[in-house]
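Chain lettering (A, B and C) follows the sequence in which the chains are written, and residue indices restart at 1 in each chain.
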C-alpha cells in the first residue's frame, strides 16, 4: 500500500513538471497551429538563466524563475515576429523543419557557450521531504507542482478574462475574422509565442531546481510536450495540466509494477492509443475544435 | 527535368568534389622546420551527447603531445619525430567514428587514439582491424569489445567488469560493520549492465545479499520508480552502475524519498567535479570507482608520477585533471612507448610492441592480455569527504581512511 | 519521366558507377552514406511528398530493417541477401499494420503518432535483450566460422547502397507517373474529394506507407551489416527521420529527383562543414536549415526550374506567400 501511494505521489509530482513543460507548447500549437520543436530548447534556456542568476547573484530560484520567464518572453516574442511568422502559412513540415533547425542551433550554441556539463540549481530545502507515514513528499517537487497549477490557472484567467487573452482565442479560432475585427494578429501570435516561451523558461528553472539539466536534454522535453499536449487536447490549458499529471502517473505505475526501463515505452503506448481512439485529446472537447483554417 | 536536371547534376558533382576533396588537402603530411612529424589521429565526440567527455579526452591527448614534444620528441630508430595529433569530430555517433577511421587510413594514418565511449570504440575497432591500423583505446570499457577477436585494439583502462566490483571489494575490506544487503540500480546500456552484473557476482562472493537489481533507462533524470521499489528492502548499501545524470538522480531522489542506506557507491559519476558541485552536501560520503587518482602508484619517463601528471595538467589547463583526462594521456603514452620500442613506423611491428608492452606508468601498469584488455591495472575507490573525492582503496601510503557509516 | 530526364538519370548513374574508382576508400564510405540517405529521402517522399502525410517516424522502418537483418544473420545464421529481403517484407507488413489506425490521422497528429511509433519501437528493442542485445547492441558475425556472408568491404557496400538507391528511384519514378501516384497527389490536395472521384484512399495510403517502409528497411539492412555492431539509440534516432524530411523537402517534395538532389547536397554539405568547422558545424548546419526553410520551401528542384523559366531568382516570393 505504501508503495502504491508513493508511486502515485511520485507520478503526480513528476507530472506537475511535465505539465508546465508542455503547457506553452500546447498553447502555441492550439492558437497558431505551429508545432514548436524548439520548445525543449526554451526549457533548457530557462534553466540556464535560473542557474546563472543563482550562481553569480545568489538569487533564489523561485525569483530567478520570474526573471527567466521575462527573458524568455522577449526571446519568444522576437523569434515569432522575426522568423516563425515567415512560414506561418506554409505546410506542416516547413514549420517542423524550421523549429527543428532552431533547436539544433540553440542546443549547439548552449554546448559552445556553457559546455555540456550537467548543472543543477542547488537549494537545501528542495531535496527535503514531508513524511506522511511511509510516503515521502519532497518539498521541491511539491512547489513545482504548485507552480504548474498556478500557471495553468493564471493562463486560463488571462485567456478568458483579459482583452489580449480574448484576442488570442479569437485569432486561434478564426484568423481572418479576427483580423476583420481589428485584431493585430501578428502581435497576438507573437504574444502567444512569448507566453509559451516564458512558461517553458519557468519550467526550466524548476527542472534545474529539482534535478539536473544539460543541453542535449532539450529533445526529451520537446517529446514530453508532444505527449502532454496530445493527451490533454490542443490549446486546452486545463487539459495540458491533466495530461501532464496523467503522463506522470502512467510512468510511475509502469515503473513500479512492470519494469523501470519501460517508462518511456509506456508513455508512447499511451500516446498512440489516445491518438488512435480519441485524436482530439483524452479530456473532453479540444479548445479549438471550431477552428477555421485561415488562408 | 531536362536542363534543370543537368545543372543539378553538375552542382551535385561539384559538391562531391568539394566535400570529399577538401579533406584530402588538409591531410598532407606537415613538415615544419625541417624536423620530421609523426601524426597520430583521433576521432572524438566534439559535438553531440558526449561532447563533454570528448573534450576531456582531447585535453588528455593534447597534454601528452605537449609533454612528449617538450622532452624533445619521440625517437623511433635513428630519427626523432615531433608528435602531432589530428582530430576529427565523430558527432558522438558510432557510424561516423567508423567512417573517420577509414578516412584516416586513406591519408596513411595507421596509429590511432580511441574515441570516447564503448559504442564508438567498438565501431572504430572493427574498422581498425580490417584496415590493419593500430588503436589504443582510452575510454571504451565494455568487456564485449574484447570478445570479438580483434587483435589491433588495446585498452589502457580497466574493463567495465571492474568498475562496480572494486567498490564491493573495498566495502568488504574496509567497512566495519560490514554491510549485509546491497541493492543495485543500473542504466540499461551495455557498459553499465556489464558492470552491474560483475558487481552483483562480487557481492555474492563477499557474502553480501543482493536484495534487488533494477534497470533504468540510460540517461534518465528520474529514477524515483526504481528507488521506491528497492526502498522496501532497506538495503545497507545502494550501488549505482550508471553515468553522471542517473548517478546524481539516485543520490538526490533517495534523499527525497527517505531512502537512507549506510552508503551509496556509484561508477563513473562521483570522481567527476560536476557530481559534487551539483549535489552539494548530499554528495558527502558517496563512494565511487575511478580509473585513476593522484594516489595511483607507478611512474614513467614521460609524465613521472600521478602527482607530476596532475601538476603538468594544472599548469596547462588551470584545474585538476579528471580520470577521463588521465586515461586519454595514458593511451597516448602507451602508443608512443610502443612506437619507440618498435623502432620503425610500421603498424604490424607497433601492434606487436603493444602486445608485448609491460611497464609502469603514472596511470598504473600498462600490460595487455591477449584480447587487448589492461588486465592487471586495479581501479581506485574514492569517497567524497568534505567536498573532495579522496582515494580510500586500495590501501597505500597516500590514501585516506574510509568514513563509515558514510552518511 | 521525360526523355531528357531519363538521359540525366542514366548519366548520373554512370558517374556513380565510376566514382569508387576515383575516390579513396574513406570517401567511398562517405558516398555510401550519401546514397543511403538519398534512398531514405526518396522513400519518405512516397508517403510524405506524394501523399502529403508527413511521417516523422520513418526511422522506425530503418531500425526495424537493420535489426531484422542483424537478428536473422546472428541468431538464425541467415546469409545477408535473404535477410535483407525478409527485413523489407517485415517492415512493409509492420507499416500496413500500424498504418491502419495511424493513417486515419492528419497533419501534425499523423506526424506525432508516427514519431511515437518509432520511439516505442526503440523501447521495445531495448527491452528485448535476449533477441536484440538491448542497449548493449548486437554484433553481426563477420569473422570466422559464424560469419554467414563474406564481409563485402567499403566498395562492396557502395554497390549495395547504389543498388538500393536505384530501386528507390525506380519505384519513385514508377509511382510518380502512375494512376496510383496521381491518386496519392489527389489525396494530398483534398482527401474527401479524392475519395469522391473514386480513389480508394485507405488502400492507396496503406500501399504508399508500406512501399516507403520497405525501401527504408532496405537501406537500414545495408547500414546494419556495414556497421557490424548496431545500437538502438542510433538505429532509431529521431535525427535520421528529420534528416530524411529535410533532404526530401529542400530538394523538392513530390518530385522524383528532389529527394536525391536534397540528400546529395545536404549530406555532402554536412560532411564538408564537419571537416572544416570542428566543433561548430552543427550550429552552422542548423542555421542553414533555418535559412533554407525560409528561402527554399519549394525545394531546390522547383525553385531552380522557376528561376530558369522566369529568368530571375525568386527567393523571397515564397516568404511573401507563407508569412503572416
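We take it that contacts are C-beta pairs under 8 Å (C-beta built on N, C-alpha and C of every residue); 3 or more make two chains touch, one makes a residue touch a chain.
Quick caveat, the model's predicted, so the values are computed rather than measured.
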Contact clusters after notional removal of subunit C: one piece
Of A-B and B-C, pair with higher C-beta contact tally: B-C
Distance from the mean Cα position of subunit C to that of subunit A, given in whole angstrom: 31
Subunit A-subunit B separation of Cα centroids, rounded to whole Å: 36
Residues of subunit C engaged with two or more neighbouring chains: 126, 279, 282
Per-residue overlap in subunit B, given as positions that touch at least 2 other chains: 47-48, 188, 217
Residues of subunit A touching at least two other chains: 108, 259, 261, 264
Interface residues, subunit C side, partner subunit A - complex: 48, 52, 54, 56, 101-102, 104-105, 107-109, 111-113, 115-117, 119-120, 123-124, 126-127, 238, 242, 245-246, 249, 253, 279-280, 282-283, 285-290, 293-294, 297, 318-319, 321-324
Residues on subunit C engaged by subunit B in the complex (per definition of touch): 1-2, 4-5, 7-9, 11-12, 15, 19, 23-27, 29-31, 33, 126, 133-137, 139, 142-144, 151, 153-154, 223, 227-229, 231, 233-234, 237, 256-257, 261, 264-265, 268-269, 271-272, 274-276, 278-279, 281-282, 300-301, 304-305, 308
Interfacial residue positions of subunit B with respect to subunit A in the complex: 47-49, 51-52, 55, 188, 214-217, 220-226, 228-229, 231-232, 244-245, 248-249, 252-253, 255-258, 274, 278-282
Residue ranges of subunit A in contact with subunit C within the complex: 29, 33, 35, 83, 85-94, 96-98, 100-109, 112, 185-186, 189, 219, 223, 226-227, 230, 259, 261-262, 264-265, 268-269, 271-272, 275-276, 279
Residue ranges of subunit B touching subunit C (in the complex, touch as defined): 1-9, 11-13, 15-16, 18-20, 22-24, 26, 46-48, 87-89, 91, 93-96, 98-100, 102-107, 119, 122-123, 126, 130, 142, 144, 148-149, 187-191, 193-194, 217-218
